[in-house]
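In the two complexes that follow, subunit A is the common piece, with subunit B as its partner first and subunit C second.
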Partner chain A sequence: METSLSPRSLGQPGFLSDLRAFGAVLLREWRIFMRYPSWMIALFIWPLIFPMMYILTGRALSGPDGSGLEVFTQVTGATDFIGYIVIGTTVWMWQNIVLWDVGFSLRNEQMRGTLESNWLSPTWRFSYLLGHTGPQIISMLMFIGITALEFGLLFGVKLNGSVWMILLVMLAAIPAIYGLGFAFASLVITVKEANAFVFLIRGLVMIFCGITFPISLLPGWMQSFAMWLPPTYLIHGMRAAAFSNAGVTELLPDLIPLALFGVLWLILGYSAFLLMERRARRTGAIGQY
Partner chain B sequence: MSDFAIEANQLVKKFPARPGTSNPSPLHPSPGGRGDGGEGDSEGSRKLKRRHWPFGRREPKAMFTAVNGVDLQIQRGEIFGLLGPNGAGKSTTIRMLCTLLEPTSGTARVNGFDIVKQANDVRRSLGTLLAGERSIYWKLSGRENLEYFAALYHIPQPIAKNRVEELIERMELKDRANELVEKYSTGMRQRVAVAKALLARPPILLLDEPTLGLDPQAARRLRELIAELKQEGHTILLTTHYMEEADLLSDRIGIIDSGKVIALDTPEGLKHRIEQKEVIRLEVTGWHDEIADKLKSISGIENLISRQEGEADLWEVNMQAHNSRAAIPRIVEHISGNGTRLVNMNIVKPSLEDVFIHLTGKALRD
Partner chain C sequence: MQTNSLSQPNIKTQLRALFVIARKDWKVFWRYPLNAVSNILQPIIWITPVYFMGKAFSTNGQAVGFAQYSGTGDYMSFILLGTVLSNFILTVFWGMGYALKEDMDMGVLESNWLTPVSRILILVGRTLASLLTTTITSLIMLVIAGALFGFKPTGNTLAAFLTAIPMLLGLYGFGFAFAAIVLLMREANTLVDVSSFLVQGLSGANFPVKSLPYWLIPISLMLPLTYGFDAVRGFLLNTSTILPLQTEVALLIIFMFVMLWFGAWVFYKVERRVRTLGTLGQH
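What follows is the complex of A and B.
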């Protein structure tokens, strides 16, 4: 039968087309993010609430004259215990938010019903997951900036180092933190519910990575385990950059493991995604909710 | 290039069965009730075969056969209707053809491309409407949705811009194209979803229940659009619960039940199969199962289907008869009394739905 329609679609495959599709995913995420204004409230309140719990506990334990803080300084080397705690809790919140946001991004699309319609297009499918990270990273940078501003204004926390060095450490940590998020997103599509895993991972970060104390206080086996968790290096590196004026050389012991973990977690995250994609084609998991 | 737009040979799809469930299909129905709730199977494989495996070796997984050897050859430019009751295997078949699912065995080609080995080429050839209004983003505007999907389908930007405007115009969305989709009516959302399927000007369209949930006017407009798309040369694979829709639009219809295509013909050809039969349609109040059993026992009566009409106690009962004149006095005799009242009775020409009932023993909307 003759048809007036071309047997090929308008679409033109290629790297640039995939790149433009990735840009479209980023733009879509950004637009949707901006259309839920409640995030503004979280952005201003959460940076204060969570660290306050530890800061007030620290104040209570330091005694009426604050003399206990000297012991804290001796143990940690930090003169500003509030800044010390804020960096630890901010990293914990970063990892936590990535697990919820990136980790559940595909699942949320699946429940909305849009995952299948994305999956039906000829675009490189990993870009759907990558696209979620763009607005997430921007919102996290805003979160960290507002944290610094609030604690600077309200508690007098002052940086004694370079903002660029802090950003460098954060940049080095991004692949590891988001690689775990990618692996997690693939797991969530497969098992549908993974709250228990989020609680486990953030619990591990809370206990092992020294968010409010130096890991030297931990028993030996716990310290060894902590060395396998990227947030340990991120927290240590950020503290050194923020309060000890550490330069690139001093930060290398944190930057190198972070980069290595980044490569490892990106590979694991991508592999988990490919496995999930393959499994979904066999089981129909993409359309299930 | 293959002669056929879609060609499937002995497509089979098996899923691991879920233990302890009566609905082992992994394809859940959507909240709106669309899609296949539990995919069907043939007699033999319907029973979940879980053999006992001695000496500690892992028991082989029980499998559920959702599609059991489907053969299809859909011509370029035709509208092919795929009909089947819930759980017949329609959605699984469509999901295999659009590369969301990999077949367990068998092969299929879409626009000449293998659905497993050339999945991306298949996706480029297809426009799909699978989850209707849920397939688009409600927090984006109609225009933003179309621009987004145009990028996903790799349509070059200048072409995409024109195409989006053209489709907005065609779908009569111009006045509200910049409003968020969440403010649209169901019909408007469905039109955005159809526009999304048409963005890349794909030669083949898969439309899964395109008019489900639409008001009659919106459904009529969409049916007109489907007919126009055929005129433009699109091949359309359509699944629907609405017999009249399939009858009206389809060049050919495949009836699928228990994972197999049990009949495939033009709508007229299918109706011709039961032309020698008559359909007796009753409207009764106070209907109950005992009467159904009595009517089924009348010689020459078969395929009796009853369904309640709306909220009131009014039932429509359809049955097929070889000789309605002989059967009617006995039908009236059985229905009278016991609180049951005959409200209306007609003898009608067999419709496509009667063919369906004849072939599957169940109504499409069961």
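What follows is the complex of A and C.
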């Protein structure tokens, strides 16, 4: 008599086990993050020197008698040109860091040679990507907090609005910014070397989203394109919340598109991940680098 | 028994080695054509916000405030020229250190070091192909950016070009010293990124240094690059300069000799130290 035994996995995946796996990835990422304290230097230096180059150029454009600054105030409605530039450049840095950190998270794991073995464990695979996002959001909040502190103390940039409203705009932007990061991470795993894509996306934000100027100065077709980029609304909303004391009602024209883009990018990010996962298993691309 | 080396180094062999290094880098660069596209587009992307920001500070297309500092309201020509010079500075100043780091990571530094070629020459060789590719990509960038934003040189191009030569040669000295730091520290990316940003910013790559806050001006005046940017712009764009043009050119020539000597001295001292420690092959 012949008996056949179907192989049984020891893993019993369920919601709780997925949650535990997510927690484990989160903890691992947090440990790696804390093991290399050199990021502390970057955390204090970059928020200051990157906007600085635009601020110093703005200072030169103002002229010794401030005549240029008067024109800038009339055009932008901003009384504090340093704060105006800092918000734009900080949003650009946020998007840039997310692309490098979240976008390359799976790729880095692939380079370390651990992606394939992790992929074999009976866990929810998206948790690998989500786990990277947690410490990233915390470090980004620290980054933005330090930027505000440094420019407040050293350059006297003062908020003329509510911190809660600024946080609300940032919160509304998180799904769109990180959704793009998820989609990007899947693309990176597929094409391997994707530095040029980072340069392209951050370049679009730099040119179209008005990091140092109001987008009304752009030609019509560029303004229409800018409306399709979530950082445009984030920069506009944060400036309004920080310097024009805008409330929820005034911020709705920025909050609604941000929320819609958030939903869109989360769906796109998750779909891209599923597509990549299926393709990678079929072609065996997970272990290749 | 006396051992004799098979190599017979002379000027001809050293020049051949220099050519071979440059040819190898030239081939590697063009194997990744996206890099060339990126080198052309990146500077344009970075200065686009400045172009629109400048519009927000201008009346009828004239940046009157800017003209009070620089002597020209044409801020885009001012910035574009600064961007082109910055590309060359990046190539010479940081290029040698980066090339050493690359060789370390690929594990070929130690074997290259064993060849009977002057080590300073190896470093110089690593910049030759980059200088050529930087010239090509910068010229294309200038044509595109000129068409988009406008570039109007009104002065003496030859004088500007000749002024840039002692500045670049002096930068080789800086480059040797920086390569020594890379040999010693082995990982200097953050140092490079931050110092490159600061040096270029404070020497006036994007704005006249006269507009800096008063406490930053002395630091800026201590950087030889400040006079390089200023003199080249003075010749090519007829901007107002910090010192008379002849004085700035004389300063650049003195700086060239001092830096070349000092950089080579630091490099040889450190190179001897890492050979003694045996850390050359580590990364």
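The rule we apply is simple: the second predicted complex is superposed on the first by the 277 of 289 C-alpha atoms of A that agree within 3 Å, B and C clash if a C-alpha of one lies under 4 Å from a C-alpha of the other, contacts with A are read in each partner's own complex, and residues count from 1 in each chain.
As a working rule, a contact is a pair of C-beta atoms (placed from the backbone, for glycine too) under 8 Å apart; a residue touches a chain by one contact, two chains touch by 3 or more.
Keep in mind that what you see is a predicted model, and the values were worked out from it rather than measured.
Residue contacts after overlaying the shared chain place A:S224 against neither subunit B nor subunit C. When the two structures are aligned on the shared chain, A:S271 is found in touch with neither subunit B nor subunit C. When the two complexes are overlaid on their common chain A, residue A:G14 makes contact with subunit B while staying clear of subunit C. Within the superposed three-chain model, A:L61 lies in touch with subunit C and out of touch with subunit B [touch as defined at top]. Look at A:N245: by the touch rule set out above, it reaches neither subunit B nor subunit C.
In the overlay built on the shared chain, the residue A:R28 is in contact with subunit B alone; subunit C does not reach it.
In the superposed pair of complexes, A:N160 makes contact with neither subunit B nor subunit C. Subunit A uses no single residue to touch subunit B in one structure and subunit C in the other. For subunit A in complex with subunit B, the touching residues are 1-14, 17-18, 20-21, 23-25, 27-28, 31-32, 35-36, 112-114, 116-123, 281-289. Those residues of subunit B that touch subunit A in the shared complex are 1, 15-16, 26-28, 30, 35, 75-78, 92, 95, 98-102, 111-112, 120-121, 123-126, 128, 130-131, 134-140, 144, 147-149, 151-157, 159, 163, 180, 196, 199-203, 232-235. For subunit A in complex with subunit C, the residues that touch the partner chain are 38, 41-42, 45, 49-50, 52-54, 56-69, 71-72, 75-76, 85, 88, 196, 199, 203, 206-207, 210-214, 217-218.
Every residue of subunit C that touches subunit A in the complex is listed here, in rising order: 34, 37-38, 41-42, 45-46, 48-50, 52-59, 63-70, 75, 79, 190, 194, 197-198, 201, 206-208, 211-213.
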